[in-house]
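One chain, chain A, appears in both complexes that follow, with chain B as partner in the first and chain C in the second.
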Partner chain A sequence: MFQQSSFNSFEFIFLFLPCFLIGFNLLKKSSNSHYSHYWLIICSLFFYSWGNLSNLPILLSSLVFNYIIAQFMGPFDTQSSLRPRNLSRKFFLILGIVLNVLFLSYYKYFSYLPLGISFFTIMQIMYLVDCYEGMLKPNTLREHALVVSFFPTVTMGPILRVNNVLTQFRETVNKGISPEQLTAGIALFSIGLFKKVVIADSFSVIVDIGYASVSTLSMIMAWVISLSYTMQLYFDFSGYSDMAIAIAMALGIKIPINFNSPYKSKSLVEFWQRWHISLTYFITTYIYTPIVRSFKKITFSKVMLATLIAMTIMGVWHGSTINFIIFGFLHGVGLILNHYWQKKIKIKLPNFLAWVLTIIYINFAFVFFRADSFIDAIQVLTSMFNLNLLTYSGMDQLVANKLTVPPMIIGILLIFSKRNSNQIIKEFNPTLLNLIGFIILTIISMIYLNSNFTQEYIYNDF
Partner chain B sequence: MSDILDELQPIFQDIFEDDELSITAESNADTVEGWDSLAHINLIFSIEQEFEIKFALGELEAMKNVGDMVELMQIKLLK
Partner chain C sequence: MTSSISSKKWLVLVSVILVCLTASMVTANYFIDCYGLFRDVEGRKLIPQDNFRLAKYLYSYNYIPVNYNGILIGTSASMNLDSSKIVNSNVYNLSVDGGNISEQKLITDIALSKGQFKLVVFTNHPYMIKDFGPKTPYMTPREYYGALGNIQLLKEYFHWAAARLNFYHNAYKVDENGVFDYEYLSRMSEFQTNPGPFSQEPPYKSDERALDEYKQLVHAARSHGAKLVVLIPPIYSEAYIPHKDYYDNYFKLISELFLPHERIINFNLPLYSKYTDDVSNFQDHIHLSRKGAEIFSLELASQVESLH
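The block that comes next holds the complex of A and B.
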């Protein structure tokens, strides 16, 4: 039954997680407090190789390679401005980045895709850059393994900043698990689980049917399936992110949020500040900024060019097919239009119109993201505007599986709800009413988890 | 702190094209009109050139307001 390293399985929730937590807490109280870290590394590697043991050597070699590169680079020394020393540091930085990119590209584009490789590779590129620029000292092997293999984030992020997480591990090494954090963590986990197995997987049913028969879509169904995928992707990935943040929270480690109600955005710029925030951070800070910096004089058009390049790279990071390149390119173009409008046209659109335009644009781009081929994507997009196809055919499929209808309605309502999961947990109080609420939420998730339409995570493929 | 702040004034006035602009340590993207991601990157690079310092990429996010910037600059200028 357990085929993938994932959070939404009975084995993970009722076996792996409790065993890990109990062991972790016991070892924290032992004479050598680092035992808890070794336990975490062992459990992380076990979790990572659960679905497919052959992935393990790939994670380990990446981890050891980057550890060694950082060691060769050595600590940043402000006193020594000796040229040979700086040159050798730069050499190892460039060598490290190039080999990481080649490593990722080989597996991503020419071989099968090992789990999490896109995430742990860019995380370690950030680590090397931060190391080079003196933001942190090179890690010991234990600490590097601890952060890179960290099971809540190893498969699909959020993409961590090594120094941020490591500082927290060092500070909490002697502290046991706090009941408050554990409770809040469990509550957030149950929200994330519900978003993934109840809402996202319900949307996936109609999405899969629709995208499997793109040539026969009615106009309405083309809109229904594309918008449903937009919903599915958000609940799938943000549900997963909630669970990852929740597990870390239970251990006393704060991970920055990855989603902040993105579909409330009234512009594309705002959308990227709210969607997959850890990836946006990587793209803006480690790709966009160096490109802009490389220009001698900064002008509006040069900055826009940098935006287009950075967003196209973002698309390619997701996959090598033409559809992902178009996805990134479309977002680059969208951001340029957005900035141009703000800077040069300066007409403020009414909020509602701005929101509708933003959602529609995002939805178009996600058609390329989901469709199996370029032809399929064009097929869906043309059906959306072909008035000859204005029929209700296919609508019966929407309600074919009754179990999927209520979650889809709840999902749409949640998009507009006042508070998202992060905000709920921030103000979380362990009251009896909350307890009952979260138990009901979990029971519903269990029922859906047991149903036949549970899906893999979308971002497992990236 | 105040010395650096004074030296920053003309840079801000230049970037935001506003001769009347007067910033404080608390000034941030919400209080200064036009302070978006483009202005931010312009600002960072202008400061780097003017003061002959270089910010690490990993430091850029931490600079949420002018006070944060000045604090970081103080450390860099001491070195």
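The block that comes next holds the complex of A and C.
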């Protein structure tokens, strides 16, 4: 019955989530308000180990290790009773970071990939750095487990700053779930579910067929499948992020948005401000900035070098294959060109042209992200520009899978819609009209969910 | 419609309407029971409309075990053989277009576990064991409850409506016995006007795992108590002759899986050459035309009936 933990399953939506919410709400009203936190931790660990219990010790060991390191480091302004006097706070910070990176690298590159390891590891690196910088005091084990294992975000983010979430848990400890929070949460969850199971999974049908036979792609199909993957990735990941934000919202916890209409960007710099925002924050604050600070004298070329290094590390974070490294490197190069254009050439491109160039560049980079090998990626990119392959061959796949076409069209329209899911929910006001819209979305999503159509989340592999 | 309502009211309305709509949808699909899974199916005539693989897979749970006492398994080479011509048994044609032994085993294992069959006809073409594993994601137990409302079901309804509106212009029809009566006219006319040239390369290489599944299926059918018949489908003689050794070796390999008393019907023997030499009996070198299907269906029926 239980497959890997996932928001887009009937078991999660109709069994796990209602049981969790009812228990959480009841316990919040109890005399000991911490009971609700224990309940959340238990449910989070259950969710995380759902379908694969062997992941649990990995999460627990990481969680306990980072808790201990923070305890040794102690608060910024006082000496930790645990820390030997001859060892500095910096020593424990470096030890923590190095061991976290080794831990992540071992599982990511030399062993099987435990669910969410990339996310909860960098979240805890951020936690250790924040502790070191004195931005928060080391957590209690309960609080640390509460935030790190928090089930809406543990598997695929958004990557949280511990302090932000913990403060909210403390502030809302005695408040039950309000109907307003629940309404907005349910509405956002239904949008996220629709984005994932209807739109992203429809794009995936064509993408999977195309990438399974890259050597026979026509020029048109090469463009169709590469752009389809660009769309699939966005709807897949942003759908998940919406659902994660929605569940947290229902609990009264505000977690940062992860996507903000990234395909409306008119430059690569803007794209990274709108795409996987929590990762961009991590890369900027915890990788790029320290690299820049390490330079004795800051010049334009040194800053660009830092950008290239940071983006290549971002690629490596996704995976160790050459394709991910190229993906990160391409974005680094793209950002350098972008900055160079803005700061040195200073010619403003027409909006439409800027948008087209940005989308095409992003699309190229995603070919490396999706292709099974470097050779396959080159094959797709070559087919995209080979005028000899300007035929309609392969278009029959679209005809054969015609039921996937309407959701794909809806997806394309949504990219250009005035408001994205975050903006819709920000202004959400319960009315009969949005009630009807919500019901239609949910019924369609349920029909898709009950089909053998649904795919795992792409970012489950990272 | 656009005026605000309280969050509590919104939540209650959403819950009530969603439950009612879902229940109505599930109830409607339960009563329509497209695949004969949930209600009494005896005497019903179910016809696949869209995804024949999925339909035959789901029919094997209830529709076939209740209404048939024989099954014919195979690939596209046998999917237009009219199993209803066998009058002393009620045989369902489980052949699947492009199907391999893994898919046939998935379907047949369910049918054998749910019903009582006295006849299993194994159609035997090298295509059947050239690869291993299901070719689509549809043959999974998840589809059972999918039949209460999912995309495949929606497609089944669309195709049902399209067929009623004659959108397919009689290009094909499927009957309640699983027989896929079809002729692809342009391909057939091209082949019949100019058959060949035929490749000199052996058509398919056998997969060991697929052969193993074939053995398991034969064993399961025999243990079930069914009478086993092997049918070697006709191949257009000009395509057969260059590869006679290859085909004969293959048929020998498969025939060894069967016991001496189990009947092997080989339509490529010289006895049938007047049919296999006649290009008008074929749409291509292996797929029978309507005329060919009629001839070989009758021949199959007479051979099977002679067993009794």
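The rule is short, and it goes like this: the second predicted complex is superposed on the first by the 450 of 462 C-alpha atoms of A that agree within 3 Å, B and C clash if a C-alpha of one lies under 4 Å from a C-alpha of the other, contacts with A are read in each partner's own complex, and residues count from 1 in each chain.
Assume a contact is a pair of C-beta atoms (placed from the backbone, for glycine too) under 8 Å apart; a residue touches a chain by one contact, two chains touch by 3 or more.
For clarity, every value in this text was computed on a predicted model and none was experimentally measured.
Once chain A of one complex is fitted onto chain A of the other, the partner contacts of A:I186 are limited to chain C, with no touch recorded for chain B.
When both complexes are overlaid on chain A, the residue A:V303 reaches chain B alone and has no touch with chain C. Within the superposed three-chain model, A:I291 lies out of touch with both chain B and chain C [touch as defined at top].
Once chain A of one complex is fitted onto chain A of the other, the partner contacts of A:R161 are limited to chain B, with no touch recorded for chain C. In the superposed pair of complexes, A:V129 makes contact with chain B only, with no contact to chain C.
The part of chain A that touches chain B in the complex is made up of residues 78, 126, 129-130, 133-135, 161, 163, 269, 281, 284-286, 289-290, 292-293, 298, 300, 303, 339, 342-343.
Chain contact summary for the complex, chain C toward chain A: residues 1-11, 13-14, 17-18, 21-22, 25, 137-138, 140, 142-143, 145-146, 148-152, 154-155.
The touching residues of chain B, when paired with chain A in their complex, are 36-38, 41-42, 45, 56-61, 79.
Residues of chain A that touch chain C in their complex: 178-180, 182-183, 186, 403, 429-433, 435-436, 438-439, 442-443, 446-448, 450-453.
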